[in-house]
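The structure appears below as structure tokens.
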Amino acid sequence: MPTVSLTRVVPFAAAHRYFRPEWPVERNREVFGACTSEHGHGHTYECHVTVTGPMDPETGMVMNLRDVDVILEEEVTRRLDHKFVNYDVPEFAPGGLIPTGEALAVFVWQRVVPRLPAPVRLVRVRIQEDRYLYAEYAGEEHAG
Amino acid sequence: MPTVSLTRVVPFAAAHRYFRPEWPVERNREVFGACTSEHGHGHTYECHVTVTGPMDPETGMVMNLRDVDVILEEEVTRRLDHKFVNYDVPEFAPGGLIPTGEALAVFVWQRVVPRLPAPVRLVRVRIQEDRYLYAEYAGEEHAG
Amino acid sequence: MPTVSLTRVVPFAAAHRYFRPEWPVERNREVFGACTSEHGHGHTYECHVTVTGPMDPETGMVMNLRDVDVILEEEVTRRLDHKFVNYDVPEFAPGGLIPTGEALAVFVWQRVVPRLPAPVRLVRVRIQEDRYLYAEYAGEEHAG
Amino acid sequence: MPTVSLTRVVPFAAAHRYFRPEWPVERNREVFGACTSEHGHGHTYECHVTVTGPMDPETGMVMNLRDVDVILEEEVTRRLDHKFVNYDVPEFAPGGLIPTGEALAVFVWQRVVPRLPAPVRLVRVRIQEDRYLYAEYAGEEHAG
Amino acid sequence: MPTVSLTRVVPFAAAHRYFRPEWPVERNREVFGACTSEHGHGHTYECHVTVTGPMDPETGMVMNLRDVDVILEEEVTRRLDHKFVNYDVPEFAPGGLIPTGEALAVFVWQRVVPRLPAPVRLVRVRIQEDRYLYAEYAGEEHAG
Amino acid sequence: MPTVSLTRVVPFAAAHRYFRPEWPVERNREVFGACTSEHGHGHTYECHVTVTGPMDPETGMVMNLRDVDVILEEEVTRRLDHKFVNYDVPEFAPGGLIPTGEALAVFVWQRVVPRLPAPVRLVRVRIQEDRYLYAEYAGEEHAG
């Protein structure tokens, strides 16, 4: 049986702000630039989720797209769409994680991994902020 | 001399919220749906500005793109990029205009019109919220 | 009150075939080329529907997007998405209209016009077949 | 000599239907949803084919694009463009494979692999069904 | 019979330079900026050609796409694709027209108009230089 | 700490020509086709640069985007934007490398690698020539 990957793309419209409350304003400005502006700003993000597994010879599917969509509705759309990430998502509350594309990719990875039925595995999460910038996480830890 | 139009597209990343403070919460929810969520959300907008005029036979230009870009930098990017429209743009402050695509198109139109040197005229402003939605304003008033 | 237009884009996945049963095979082949292949083929279409009207000063809206979406769900998605146009849409049954982009644009126009509440008016329907081809109808009749 | 990969994207317009004739209608409906609708539907697909090999220092090429295009014309365009996959491609005939993106990616892989001249190798085939869904095959077998 | 428009998009890859030989270098630099760099630069252009006419009730077509494509192959692709506009297209030779998007739109308009069979008419030519810039010509003369 | 990758996309408008002066004209024509036309042609390229590293828990960043942008401005935009690659970039001068997407990807790789601060590493450079063609280099040498 061939092992095939399947990628589903889910858009979400969200606001965010880069800000560390324990830092002085100037350091926030220096590190985060325009992204630290007081009231935040926003993007039409796209979240690309790639799963892999053996293709079922009867259905031609790695995983039923309907089941993928239920998971992404619950873990991506409900949590992030039409939200201000810093205020609506506890992990990104002031003093917590900064809602960069990198951190959002790790966030989605951690939520989707336990939802997938074996032998389907998560391969990669991409958070595309705009046409010219995206972050990807594939589950690796830095062995510093 | 042929009359040609020129369209410049400027992206901007902004947050917004649909909310009328003088309305009860339920009415805001009923009229504005998810767009009234408490902390707001955001988009990677594109603003398309179309100008028209005679093409200069020496330069092949309707208007020097460098001059178009100065105007759009001052009237679109500086006012809207990396902003929360309701808090950073006075016209859209709570109690004022709701920052829909329609209202943003009229806002940009009003700011760009007085900046153009005759005989160049503004033809149309488009505010594209995402791939599936945009508003356009061409300077017309409703003769109700 | 400014008059603003609003365009909503709705994708639909459909199959079609260009074929006139009253014509000999060779004439079908000559006029319709590969589009007359026996079993049909398909596209991921996009239908762009543009409406116009005065912008309500309280809501910033020409028409509530939720209402636009109900109409397009009923008149575009339910009729055309995941359909073989020649077999699933009576107007395009064998011997009837050929399901070109042009004819689909007129079809959507005729169904959407009576659904819009005055003073909102339909401006234009675009059927985009792929990145390199689209047809548009604005309600005009040929005064031949 | 650096090893570089080259990806060519080929669009094709095709119709398909998900249906197992040996299953009752309700099971087809349950597993395949709207994709089992009786007459089929269609997409403007994109097939992305990625090959890799050493870059020839004289031509700057991994493989002459003209030769890539001949192979893709014969193995992708002629077999799939303007076709109803279930009826025009024997492997996907009723009772055979279901024409999912996954199965189409494996199908293209198997046809392109034997056509490539060593040392050029096939790396990956992507079948993009629409903007929000694609399948990829890289030649791996499931070691279940 | 409804009057419908049809738009065909044709890409072409071309190089160009903005330069008036009768001007001093500084004036070229001041007016044309980076576009006057000595050896020229290039774009993957898209040319959008929109025609309109009554939809033939038998074929569902305004004009057979095959005939549109022959005209665009001869008037757009052969003249502009894989060319350096200033050197390969006489109208844009040094001392003549500057190959801006505006001038290219007028150029294509003038070549396509006489090729269309009545009652089909040319509506508009768009030259898209990149994602953020395009010029459009609709056959109007400036009544200065 | 999770290891995350970040991809930045930089457009550049350039002209190029495929030509080996030591070959007869017919061989250039046979190998390079239309790409060898005398005066060259051009593209609106996109250069995608992917870096990877541990995500800083304080900033949520693999590398500050401002620093990525300084490097890409110096190594990609200044060297390639608004240039005729064969004449403005010494490595691609007549008799040297042919400016294919493959060779441009290796060129950018070699310039960006020494600019990245450890532990950030370069993963991949993609040169997208148009919507249907791209080359990627990941630093591998052919072990022929």
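Going by the order they are written in, the chains are A, B, C, D, E and F; count residues from 1 in each one.
Here, a residue touches a chain if its C-beta (ideal position, glycine included) is under 8 Å from a C-beta of that chain, and two chains touch if they have at least 3 such contacts.
Keep in mind the model is a prediction, meaning the values are calculated, not measured.
Any chain bridging chain A and chain D, meaning touching each of them, is among F; the list is complete.
Number of steps on the shortest path from chain A to chain F, with steps defined by chain touch: 1. Repeating the A-D interface, with the same residue numbers in over half of the contact pairs, is the pair A-F out of A-B, A-F or E-F.
Interface chain A/chain B: over half of the residue numbers present appear on both copies, so the contact uses mostly the same residues.
Distance from the chain C centre to the chain D centre is 29 Å, each centre being the mean of its Cα atoms. Counting partner chains per residue, chain E shows two or more touched chains at residues 131.
Every pair of chains meeting the touch criterion is listed here: A-B, A-D, A-F, B-C, B-E, C-D, C-E, D-F, E-F.
Contact residues of chain C toward chain D in the complex are 11, 13-16, 34-35, 37-44, 81-84, 86-88, 129-130.
For chain E in complex with chain C, the touching residues are 1-10, 53-55, 57-62, 64-66, 119. The touching residues of chain A, when paired with chain F in their complex, are 18, 20, 31-33, 97-103, 105-106, 131-142, 144.
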